[in-house]
Amino acid sequence: MKSVSLKNIRKKFYTIRRGTVEALKGIDLEIEAGKFFVLLGPSGCGKSTLLNIIAGIERPTEGEIHFEEQIVVSAERKVFLSPRERDVAMVFQSYALYPHMSVRENISFPLKIAKMDKAEISRKVEKAAGILEINEILEAKPGELSGGQRQRVALGRAIVREPNVLLLDEPLSNLDAMLRITMRSELKEIQRELNLTTIYVTHDQTEAMSLGDQIAVLREGEVQQTGTPYEIYNEPENLFVARFIGTPPMNILDMDTINKSRRKIERIEKNKNLNLIAGLRPEDVNVVPEDEGLLKGNLKMIGPIGSESLLYLSVNGKEIMAKIHERTSFNEGDSIGISFDENKLLLFDKEKEKRIEE
Amino acid sequence: MLSKTDNRLNYFKWLLLAVSVFLLLLVSPNCSSSQKQFTIWIGGSPEEINFWETIVKEFEDEHHYHLQLVRQPTYSDQRRQALVVSLEARQPNPDIFLMDVIWIDQFVKSGWLEPLDNFAKKENFLTGQFFRKTIEQADSYNDNLYALPVFIDVALLYYRSDLLKHFGYQNPPATWQQLLDMSRRIQKEERKTDRSFNGFVWQGAQYEGLVCTFLEFAASMGGGIMQDDSININTPANVRALQFMQNLIQKYGISPENTYTEMKEEEVRRTFQRGNALFERNWTYAWQLHQSDNSEVKGKTGIELLPHAPGDSSVSALGGWHIGISKYSDMKDEAWQFVKFVTSFKIQKEMLMRIGWNPGRRDVYEDEEVIQKMPRVKLLKEAFDHTIARPTLPYYPQVTEVIQRYINNCLAGKESPGKALQTIAEELKQIEKLYEE
Amino acid sequence: MREQKTITIFKFFGAVFLLLFCILPFVWMIVISLTKNPDFFASGQSASFTISNYTDLLSNGSTHLIDYLRNSLIVSIVSAICATLFASFSAYAITRLNFPGRILIPLVLLAFSMFPQISIIGYLFKLMTRLGWINTYYALIFPYITLGLPLALWIMLSYLSRLSSELDKAALVDGATRLQVLLKIIFPIALPGIFSTFMLILIYSFNEFLFALMLTIDYKARTIPVGIALFEGLHGQIPWGYIMASAVIAVVPLIILIAFFQRYIIQGLTEGAVKG
Amino acid sequence: MRSNSRYNLKETKAAYWFNAPLIITAIVFILIPVAGTLVTSFSRDVTFLPSKFLGLENYTRMLGDIHFWQSARFTLFFVLVSICLELFFGMIFALVLNETLPARGLFRVAILIPWAIPIAISGRIWQLIYNYEYGLFNFFVQFFGISDKPISWLGSSFGAFVSVVIADVWKTTPFMAIIILAGLSTIPGDIYKQAMIDGTNFIQRFFNITLPLLRPVIVVALLFRTVDAIRIFDLVYVLTGGGPGGSTNSLSLYAYNYYVTGDFGYGSAVSVAVSIFAALLAAAYIKFGKFKEAIK
């Protein structure tokens, strides 16, 4: 299992309409061996392109990639290893199973190409099938399988080769919600069991939080932040990450809506002379009777989502969301008060949108 | 692409167009076929067609009918197929058409030709003027007259008089052996300067012309195809003749390789006319063209009867075109006027003088002016006494197809003359059995 | 790296070979049609390019080239229109209505299309003679329609089966008759399909030779392929200049059609074959 | 007819109104002529003789006629050779067209030209190209010094066969290329990427992925081409007229020759043989090519 390091990866596309588009603007990432690394970002942020570059299907315009110390691709030094030489495996969103081959032939195909002897191949295929519990459907054709089964076969074909790096491009997005959750845990389990260096691309932040040992948030070809799920959630580096992570998204409050509790803000504003903007997670908002709250507002709508419920509040024209566990004693239309613990407040510089520490 | 409304608008335009075109068509064929058309089909080399255009113009001035000339392909096989299709379909056009001598029998027996007797009797038209043998052999059946010879044709030996003189020969070869010796010697010399020079060019491609050349070689060596109106082709004389033809190409090489692939009348004439040949076997029409200005052999060409084997006499296949009136013609009287016009003395003489076609009428050959202006007429008259007709059978197309195929195969060196003639004999016997009543 | 190079080399040589393979005879035809002596290769004379071949052909009425071209265009356009209409009507019925023999019709038609023309022309010639249609446009239009029907039906079937049937259910609910539904809703949407079917049948009818050879006699109905196959030049030594010039005249309308509508044609071909 | 319960009368009536034009023309102009030809083939139908019922005599004559077998042999060889070549070149052209090329429109028009030009006309062009004295091929032959003497292309029976095949391949390779191109476009791009990941090179990708997935399209295209190639007539009529010694006489041309020399009976018999020949080859195809699976 090899670590992967990306140095200043840039990728320029020439499109007729928009001229040269820079899909990746200098990516630097370190992925430790055996770790489950997630590339998270909205669609069109270049995460799939980056994955293809790591896999060797596409070439970077600039920059280098190393597996451990071996240079895998370097635009400057004209080095380019084919996917076969990099010994990477990949699972596509569309699973990309060979429709004319049975499941067994699909899984054993890469081994056959690598000219492994027959006994070795069938042994490995049986082992992979065992891990993914797809022994009974080995002789079936992809056309006859369900979504989940096809996904497992694609995974089987990837892990059977014990590759240096396992690459997954939104493999679960075609499954229905229930199946997605079970597959998530299975995927995590298999990754840990085989200690595979895995790079997983997704736009679903809950998936990223639950699967990733490390997460890198991307936006328009730039890394916004890399860190553990905890760091990403609790210490977002900028407004984009803060808003992108967490459902429902963090409330953003400008200074006049929260003038009451200015002590902390005053201190920071004074010694850094920046104008600030504040972010508050819906679960940190407590709804209290009108007169006790720091802010006044009214409760517009209540949306129960299972064990919790979402409260849509409006505070002098601005909409704020709160997430509470137990049922609320207020009902729609009441005027309420809002109070929150001051150090749960996250402060950001308005222009550069960077988070500010004490 | 198209917005909703013009899409629909565009669509109705389409529908309207389709309906109108369809209606237009319903009308057009009817109106054009209502007024009768007076048409004649003419084929042959482009020069021939141009000459026919002048004759038709003359006829129109004299009789002020509007006669439309329709151009047919050069080669007779395709002309024949077009005629069979139109007559089988009982088409009113063509009203008049030219027929090769070998078609007449099938056309008569298929009931496609209008008997000319009642026209002839009505205007006591004398057939005495024409060569009696041709009228009897080709144009009449159960003593009814169905066609008249417009021009008859024989094959002659064209030779390069300058080259023969240059190499010390006083007169052209009388026997095939002499022709062979002269050709081999002169061809070797000439090839030093002109690589594509050939000794003797003649029609060997797989088409009707090949049957004529084979008949000439065979008859001039004592052979032939018909023996008292049944086919007898596998004779020793014929084998000798075919062997000689094959040797000209494969053994002695004095005839080019494309003799059996591309050599038809026009290709043979052009090769000789370009100065690439010593001897040429071709019909009489070639003489006129060899004398034209852009011909390399102008003034250097002589003509003579075809050579023959010692002890036998020179023979030429009887060619030529006969004119007949279609049974389904809608303008038979006008058609008869044109037939009379074309076979009149004046036109036949003009035809001979202008493009060198030999009339079917004997009196033109005895005309003073003709003899004085064209001394070769004497030779032609003599040639017409040495002609041999191809078999007159209604199923001649099947017969000729077999003969052409195997003779050509043999010329290409794929079969021995003996075996080729034996296969032809067997197949012709089968065909005879099929089509005899 | 090595593999990428081999692919680009294959792509380059393949493209050049493709162009040469398709264009060379076509260009050679145009070259010969413009030269006074077509044997300039062998006889070494200068090619002396001139357009006299064309002027002679067009001025000399007895070649009837323009009549042949007119006949070809009329016959193929009309039979293309009719074949497309007939096929669209029955494709609509097959994809939208439920009736006995619904699957039978396309399959039987496919089987009919397997019959070689020669087995049809024999008796068809006698039939046309009895009808008195020989040497008229009918003799060609109706056979060309039937020749085109199988392909037309297959293309229209694949087009119409892709249009969801809710469309015309809604229209029926609004009170339209089936014919109105067909003309007002289905046809406008399936117009690209209709157009590519029309183009294909037009080209196939323009190419047909055997029926034209046997069912037409002279310039009144004969089509251009037969005209050129039997054409032996005007005058002069070697007829190839004229024959190639007449070929160019015949081919020009086709080239224009392809240049403008190649997208439809290719679409039609793929629909027809991939679905077929 | 099954019980009317499944089909309501109104809809069936409407359906047959819509289908009427197609059915009528198909019956009148295909079924009746084919049936007529079949009936004529059992009688002596000659222009210069009264017609007479012959029963199977035409067919026994045909089976004994060596020219018939020569035409059949030529037609079969022609079909097999030209189809293999068309498939080979069609595949190459399809792969080339599939790669994104500059001026894509130009290539698509170029490839349509041979298919659109009527074969009777392109036959004349090829006739000139094969001409013994001043043809293009003989010019190349002498120019590149392949042989000092011009090759008589249309003269020898083998030369004529090769000439006909080349002309036909030139005409129909575009059709095959377009069909295969359509087949290629149905293969999703991800599968090729996956194959790259699995370590295949260009050739392995072609044989393991492209070819197997193209099989159904190729089977259908070959079936259509086979049926089309069997009825070859115009190319042979124009280019070689049956060739030296009838060596390139196709079955259709052989039957046509009897039609136009006035023997409709025998001509019809040969035409019936051509149809049976086509049906047999098509049936063999369907069984061999696992056609049903291809249709699914």
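Chains: A, B, C and D, in written order; residue numbering restarts at 1 for each.
Following the convention adopted for this analysis, a residue touches a chain if its C-beta (ideal position, glycine included) is under 8 Å from a C-beta of that chain, and two chains touch if they have at least 3 such contacts.
What you see is a predicted model; the values in this text were computed from it and never measured.
The chain pair sharing the most C-beta contacts is C-D.
A centroid comparison over C-alpha atoms places A as the chain most distant from subunit B. Separation between the centroids of subunit B and subunit D, computed from CA atoms only, is 36 Å. Annotation: 57 Å between the Cα-based centres of subunit A and subunit D.
Rounded to a whole number, the gap between the C-alpha centres of subunit A and subunit B is 90 angstrom.
Shared interface positions of subunit D, defined as residues touching 2 or more other chains, are 131, 133, 260. Across the assembly, subunit C contributes residues 3, 43, 85, 125, 214 that each touch 2 or more other chains. Of all residues in subunit B, those that touch two or more other chains are 85, 88.
Looking at the complex, you find that subunit C touches subunit B at residues 43, 62-64, 74, 77-78, 81-82, 85, 125, 128-129, 134-138, 141, 183-184, 187-188, 191, 214, 217-221, 230-239. Of all residues in subunit D, those touching subunit C in their complex are 1-2, 6-7, 11-12, 14-16, 18-19, 21-23, 25-26, 28-37, 39-40, 89, 92-93, 95-97, 99, 101, 105, 107-114, 116-126, 128-129, 131, 133-134, 136, 139, 170, 173-175, 178-179, 181-183, 186, 201-202, 217, 220-221, 224, 227, 230-231, 233-234, 237-238, 251-252, 255-256, 259-260, 264, 267-268, 271-272, 274-275, 278-279, 282.
Put simply, subunit B touches subunit D in their complex at residues 77, 80-81, 84-85, 88, 106, 109-110, 112, 206, 257-258, 260-262, 394-395, 397-398, 401, 405-406, 408-409, 412, 414, 434-435, 437. Considering their complex, residues 3, 6-7, 10-11, 14-15, 17-19, 21-23, 25-26, 28-29, 32, 38-43, 85-87, 89-90, 92-94, 97-100, 102, 105, 108-109, 112-127, 142-143, 145-146, 149, 153, 178, 182, 203, 206-210, 213-214, 224-226, 228-229, 240, 243-244, 247, 250-251, 254-255, 257-259, 262, 265-266, 269-270, 273-274, 276 of subunit C touch subunit D. Residues of subunit B that touch subunit C in their complex: 2, 4, 7-8, 10-11, 15, 17-18, 21-22, 25, 28-29, 32-33, 39, 46-47, 49-50, 53, 69-75, 78, 82, 85-86, 88-91, 93, 270, 274.
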